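Pasting in a structure now, in structure tokens, and then I'll have a few things to ask.
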Amino acid sequence: MEALYAIAVGVLTACGIYLVLRGRTFPVIMGLTLLSHGVNLFLFASGRLALAAPAVIGESADPTDPLPQALVLTAIVISFAMTAFVVVLALRAAVELRNDHVDGVDPEEDWRP
Amino acid sequence: MTATVLPIALALFSLSLLLNLYRLLRGPDIVDRILGLDTLNVNAIAVIVLGGIYMDSSLIFEAALLIALMGFVSTVAMTKYLVRGDVIE
Amino acid sequence: MMGESMALPFWLDALIALLLLSGALVALLGSIGLARMPDVYMRLHGPTKASTLGVGATLLGSMIWFGVGHEGLSAQEILITVFLFATAPVSAHMMARAALHRRVACREGTHGEPWDEMDRLPGYAESSPSSDNQR
Amino acid sequence: MNHLPVLPILLPLITGALLVTLPRLGLNAQRFISLGATVAGLGLVLWLGSMVLEHGRLVYALGGWAPPFGIVLVPDRLSVLMLVLTATLAVPALIYACRGDDDAGAHFHALFQFQLMGLNGAFLTGDIFNLFVFFEVLLIASYALLLHGGGTARSRAGLHYVIINLIGSALFLLALGMLYGLTGTLNMADLATRISNAPQADQPLLQAASLVLLVVFGVKAALLPLLFWLPRAYTAAAAPVAALFAVMTKVGLYAMIRVFPLVFALDQPLAALTAWQWLWPLALATLALGGIGVLGATSLRNMTAYMVIVSTGTLMAIIALGSTEALAAALFYLVHTTLLTGGFFLFADLIARQRGAAGDYMVVTAAMKDRRTLGILFCFGAVALAGLPPFSGFVSKAWMLQASLAEGAAGIFWPLLLGAGFLMLVALSRAGSKFFWRQSPERDHDMRADRVRLACVIVLVGAGLVLSLAAAPLMDYTRSVAAQLMAPGDYVRAVHEAGLRLTGGH
Amino acid sequence: MMLLSIVALPLLGALITPLVSRRSTAILPALIAGAIGITVVSVLLSQAPDVLGGAILIGHYPWLPGIGLSPAFRLDALGLFFALIIAGMGLLITLYAHFYFAGKHGAVRFHSLMLAFMGAMLGIVTSENLLFMLVFWEMTSLVSFVLIGFHQDERPARRGARMTLVITGGGGLALMAGVLLIGNSVGSFQLSDILAPETALTSDPLYPWMLGLVLIGAMTKSAQFPFHLWLPNAMTAPTPVSAYLHSATMVKAGIFLLARLHPALGDTDAWLYSISTAGMATLLTGAFIAMFKHDTKELLAYSTVSHLGLITLLVGLSTRMAMVAALFHLLNHALFKAPLFMMAGAVQKATGTRDMRRINGLWRTLPALTVISAVAAASMAGLPLLGGYLSKKMFFIESMNASVMPPLQWLTPALAAIAGLFSAAYSFRIFHNVFFNGKPQDLPVWPPKNPGVGIQVPAAVLALAVVLVSWHAESVVHGLIGPVASAAAGSALPDYDMHQLHHIGTAFFMSLAAMLGGLLVYMAREPLFRLYDQLPPADAREIFEWLMTRAGGTAERLVHALENGSVQRYIALIILSAIVLAGPVLLSGIQWHGGETMTPVDPLTGLGLVLLMASAVGVVLGHHQRLFALLLLGSAGLFVTLTFARFSAPDLALTQLSVEVMAVIIMMLALSFLPQTTPLESSRLRKGRDLGVATLGGLGVGLVSFAIMTRPHSTIADFFLSQSKPGGGGSNVVNVILVDFRGFDTLGEITVLGIAAVAVFALTRNLQLKDRIPQERDQYWASNPHPLILRTMARPILPIALMVSAYIFLRGHNMPGGGFIAGLITAVALSLQYMAGSLAWAHERMLTPFRPLIGLGLLLACGTGLGSLVFGEAFLSSWFGHYKLPLLGHLELATALLFDLGVFTTVVGATLLILANLGKLMTVHGPGKEIG
Amino acid sequence: MTLMPQLTHWWPRPHFSLFLLVLWLLLVNSISPGQVLIGAVLGWLIPFSTQQFWPERPHLHNPGRLLLYMLRLLVDILRSNLSVARLILRDPDTLTPAFVRYPLSLTNEFAITMLASSISLTPGTVSAGLSPDRAYLLVHVLHLDDEDELIEQIRERYETPLREILE
């Protein structure tokens, strides 16, 4: 399982990186989301994978490490906040710069919202 | 008997998930994809519930509840987007 | 893994098994419909009914399973079921509406013409291509 | 129980939250609250500083949970240095903003306070995940502040800044995951202990984690291949924001000198760290690029941004040497360069306001009304920044050169540092002569420079002189900071003892 | 104190002058400057007997002993000699300047700067601490910069100033390096230590560096070839400045420095060759070019260059009396060059020009100045019996004695003679061309007017000094120059035989030959000028400007090539940096499998992970169709949720799910205004590169993740598990960590969310969009935004969802849930109302103070934490209690719940603020209407 | 936040409050007095504070019949699924899909919604749209045998009972 999980983390990260390197804001934002999925799963795995062992007292005999879960939770919330912000920023930039290229300069043509 | 049936049910739902993802990836229209995702959500609820029985814990049933709520809202949002070009107006 | 030590009466066990199995089958049927049907309108039928029902049956099975001796009756399943039954038609309606709006073609041989009276169609009354951006 | 350590975080948080709660509050009331809190914050950190001077280091366990389980704040000499520096920069920057910049967009004051909260938190925390959280606080606030006022340049630079920092944050989390996965702890002191006792098989992974952290901090501190976001962002930001940003790059640097000596070099010399070995060449390259950038800049703001790069390159190069004396010299220089570049961002704005459409671009315009005063001020600032005597730049440069000589690094470092200083001199003299000597024949601009804004600039540029005059005590202080940093064992012991005290009392 | 006052008085004066005299034409500044000059001279003279007798006065003022940077002053014969020249000249220049500036603006500025310069210069020559000397050294560069640019509106002035600063400033940096090397080697920056006989710098391995760096400093300051270029360009300064800084004092600083450090660095071949070569090159270049300059001041400038070369050459020669000759010539040069500059200034005042081709026959207008200039020019030309003759003859003698390159022994004297020849020629020229040579030609001021007596007095004083020094040459050399030279050489020199100077020998004939040759050259000037004009024009200023512009342009291009504004490149660099840095470490002998046994793969989980990967890859493949990719992103989020649920993280699953939906909705809101497709614009190469980077990154992260998961794990988690119930009062350990153990993180986290929402509010505030792009060709929008069926069904969902939200919130402490998730459920339920109704419809039905909600949430969370302070506990200390109430039964109260309520409130406020403000963008709410 | 500007009814929806209370008790899986109290408070508070979001108050003439209707619907759903299953497994080419306009006689919004939902949940029909004048529902039929029969069936089984219950 660990190997498959690690592959999934790697694939998510790779997909995220590839998209982050695109030239338009929207794919980049999606890439950032995938990247944060990958990273969150990575961080989550730092407490090791445990099946049927939720860290709720009384629910399981040998609960999993709860700390990475708390960390990932914080990370999820923060990355949600950041995503919301960057989405709006991308929107604003597209409106102001008249294109949605990450550099604000459309290699082909101007687009007007 | 439940114990015997459970893996079968899970396998059948897995098959469902696969078919849903197929529709999601295949399209052809965006509405097909939305439909695929919506069904994926619904089937995921069942998978979670069956997983709960399997692990003898209803701890993650809130997740199923949330999938129901969130899946609906996101389907509504997407279809609204298609029809109105905007979600909230 | 699952609480097999828990001794369920046979008929209950059988009922649960039946519910789970039939639920899974029905849901699968819905997904098959989704995958197989030739146009988007026909694909809508499977998930709207079958998947909802299938998942509903599964939830019922779970409710009985947990209700009888495990953790007591839990409302989540009821709530989810009710919720699914309430929302599935709305979702289907919205999706069909979207498909119609997008003028997604229906399969050859479909009876009836959804777009024949443009101005009489759902949501199209006050809209025309020339005034699309003015609201 | 002494709660002073947590107050520099809570004060701006509460102020910011209050300002958000009362969105209809008039601008003047907002200014009053914000300014009051910022000044009070300065008092607070000075007070904290006096306590730290007395005790050397405080350990404040949040929630009363003993380290390493709970989060601790560990204000020590370095923290105090950074806190006081930030507060000192914040007050004039905020006053400057209150002359109108704050009205260019919504919620400037709340965001400013949140920015301070993030900075103060980052400087105080003794927990590496909490450091991440405060990084995010200060980053999100800085995103918003960078975009304050709007406009295409800001949108464009802001987008880059945000995207790059989001990737930086992802890398940070990656490194944290590695560290937690291998050590099972987050408290920096505990991490240090566990890393020094880690099995040999884990060493490559730990080293890799440290290198990822280097990249993370390098992005924020503007290390060479990671710094290209900086010039446009700092050039685009509103002046008071850019001024405050002068301390932002120093956060990355702070994180480096906080984390590496403590967490990764508890039982080995700092210079032996792989990360530190990378730091040296990269920092030198940064320094070189900064110098070239200063020469190639076309506006004063842009030039100042590159001066920030020069300063971070210098700082990282000198800390890469890893000696106490070098670190002390670097910290002295850090104070100097932060205040001066901060002041210069304001100054560029002050000039731009006098020159109409030309702004701070190095083109000839009609004479400024206040060109005498501004010219003298420019002269002082330029001299201080270029590292010429008698200002603090000279003192710090002399010190850094000596410290690097003692480490046998003069051969590369000296030409670069002196060369960058030379390029700054060339560029600044060219800028100065264009701004103040060369005038087109059109009618003079008749707007006078705003007196309050001017005063803010004078205060910050004057810091060059003050720091020079007060160099002796400050140098003693940075020496003591460096000595404390280079004895991470004491840090670990203090946190450990605090943990024992708390669990004993439980 | 006395030593300090020598430096401090002028510096104080510089500060006071502009304060006390606001009118820039007032006499007060001149008076202050004069008084200070007189005081300093008196102080110096009062010390002269002792100091010349060999005493060395030293005063320490500790400042930054840690880095050796402390003011310390030293007055020995060498310093005294220079200080007297500086202060004495300063006094005369002050007088001159008063008349020069009479009635003109800028006097205050000038006097203030002059005093500053004088102080700095005195600082250089009286510094005991070599590092601190740099302070004064750079100060002279800066003041000189400002003074050269005195006439700011003149382009040459600005350029000249900048050029000076660049050259001398750069030299100062080199000097700094040299001084630091010396100080490091000696272990002290005090001259007493550096000059001590036991100091052996010359055998230090770094000696060549020390010498080279110091030499660069000295050569730039003293305008030695090839750094001499700045000096002629500095002539744009007002004439008093040229006379003072650029002939008498500042340019001598380099020579002073060499003389000062001679005991420590001298007496080596390196010293000899480097310095004498530089000096000789400068001597020749300056003398040659001076002849061809038509501008009086330019001629004098090149002459100064030449004479500085001569002095430098002498300092470099390792003969026993070279130092005496150098210092004596330095004195003579100061005395004869300053009055010539003053003359040039006066003539400019009289005629309005400095062009010698136009200025002729001024002896009628300026008879007194003619006499004065005659004396000075004669001394410069080396006319027998005047000071200039004597020192030059000493030079000839030393050049013959010098043991420079034995095979070429004749070279030095030969070159010296040629230089002498040109020197005589330009001296004749400046005198003859100005005062005689026929009638003036179209002068700007006509007829030329006498600028008055006052301006001529200082020159007269100096001319008189020339005569006196010449007259009493022997006693000057013995009484003054001798001790000074001894101080410079570091040891007592043997008595100099002055009779040698009056001896008619080779040196005499060399002088004579130079004189006559000079006369001949001068007579043949017209053809020579024509010849010179045919040389390719090499205007140093133009070259310098070109260089500077070129350097700036190159720098700009280089920087822009790197910082090219492409964030794609920056991101690739960051990710590659991480890979390049961490990669090799990982590859060097790491054991990927950590040894723990792996969990077997169960098919369902395996399928989930595969579907997760498929969704992610689908996003990549489908990212050109944005809505499609967004759907797949939602699917990926769903599978991440399921993964969390599978691996025992119900809280994470709940959070991920709610966040995912919110994020997708927000992205869709933005997508309304963005193009629906991403153009295919990446080149194959770019895609390949990105794919490579992505693969490497993914590989690295995956492998590391695997390595970590298979390693044994020991964590602090046991504490949380054991303390959660007794210490935190909750059985959901993750939640207890979030609201209690690490509540501080959560406080920061909701602050981030709150800030983000406020930032979104700020970003969208003035962004009003009434228009949007059609999704596809011929796309139009349905007119009915709120379908009845949706609207009707959405209504009961709101209260039910709120009930669920309350449930999730209240149980959070013990079971998966909590404030954050509850907040998101509430927000989602309300956002459904936005969709089913409209923004306006929904907002009519609720109070919408979202920002206050955010603030209150933060304040509540913070206030809960502060509450513990009242009880003397640390911030965020939790409290909980169990109560048994009649009728109601068991009740648990916990402050953590209050904290979580703050979280809830913030989340609701923040999420709705973001949604509402994004939603309003296309909705006509009236311009600038704020929501939230 | 959801406290509206105009609160008109102190207890807007007694039935719904009761439903929420039961829901609460089921959720918390307890009937301790404390939970009942909390459930009751929430059951009142939530409808009270969100009443403006749900302004219409459909007057149920006969709650018992509604329940009966639901039951019948459930049976229909089960039945329909069997038939749909057959259809799905058949060769799709043999199906005769159709769009059918069902003329509405209902006017109550809630009733229309209920009808549309019922149609969607039952055999082979999905309500795909509602005309703006609410004159007819557009229904997509998976396999149409006889349009009139279908319309008649819908009218008889669903619309008529719904009109009686809700209008």
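Order of writing sets the chain letters: A, B, C, D, E and F. Residues in each chain are counted from 1.
Just so it is clear, contacts are C-beta pairs under 8 Å (C-beta built on N, C-alpha and C of every residue); 3 or more make two chains touch, one makes a residue touch a chain.
In this text the structure is predicted, and so the values were computed from the model without any measurement.
Looking at the partners of chain C and chain E together, the chains they share are B, F.
Common neighbours of chain E and chain F under the contact rule above are C. Put simply, the chain closest to the centre of the protein, by Cα centroids, is D. Summarising the inter-chain layout, the chain whose CA centre lies farthest from the centre of chain C is E.
Of all the chains, the one whose CA centre sits at the greatest distance from that of chain D is F.
Just to note, of A-D and B-E, the chains joined by more C-beta pairs in contact are B-E. Taking each chain's centre as the average of its CA atoms, chain A and chain E sit 40 Å apart.
Each chain gets one centre point, the mean of its Cα atoms, and the points for chain C and chain D are 56 Å apart.
Chain B and chain D have Cα centroids separated by 48 Å.
As a whole-number value, the distance joining the C-alpha centres of chain C and chain F reads 14 Å. Residue positions of chain B with contacts to 2 or more other chains are 10, 17, 30, 34, 36, 55, 59, 62, 65, 69, 76, 80, 82-83.
Listed for chain E are residues 565, 567, 571, 575, 646, 650, 669, 671, 701, 704-705, 708-709, 713, 715-717, 720, 742, 745, 749, 752, 755-756, 759, 763, 771-772, 774, 779, 781-782, 784, 787, 789-790, 793, 796-797, 800, 804, 815-816, 849, 918, each touching two or more other chains. Residue positions 1, 30, 32, 44, 52, 71, 74, 76, 79, 83, 86-90, 93-94, 97, 99, 101, 122-126 of chain C each touch two or more of the other chains. Contact between chains, per the stated criterion, is found for A-B, A-D, A-E, B-C, B-E, C-E, C-F, D-E, E-F. Across the complex, chain F meets chain E through its residues 1-5, 16, 20, 23-24, 27-28, 32-34, 37-38, 42-43, 46-47, 50, 52-54, 56, 109-110, 112-113, 116-117, 127, 130, 132, 134. Interface residues of chain B, counted against chain A in their complex, comprise 55, 57, 59. Considering their complex, residues 565-568, 571-572, 575, 598-602, 605-606, 609, 612-613, 616-617, 619-620, 623, 626, 629-630, 633, 636-637, 640, 643-644, 646-652, 655-656, 659, 662-663, 666-667, 669-671, 673-675, 678-679, 681-682, 690-691, 693-695, 697-706, 708-710, 713, 715-717, 720-721, 724-725, 731-734, 737-738, 742, 745-746, 749-750, 752-753, 755-757, 759-760, 763-764, 767, 769, 771-773, 814-816, 820, 910, 914, 918, 921 of chain E touch chain A. Touching chain E in their complex are the following residues of chain A: 1-27, 29-30, 33-34, 37-42, 44-58, 60, 63-67, 69-74, 76-78, 80-85, 87-92, 94-95, 100, 102-103, 105, 107-108, 111-113.
Interface of chain A with chain D (complex): residues 16, 20, 25, 28, 32, 35-36, 39-40, 42-43, 45-47, 65, 67-68, 71, 74-75, 78-79, 81-82, 85-86, 89-90, 92-93, 96-97, 102-104.
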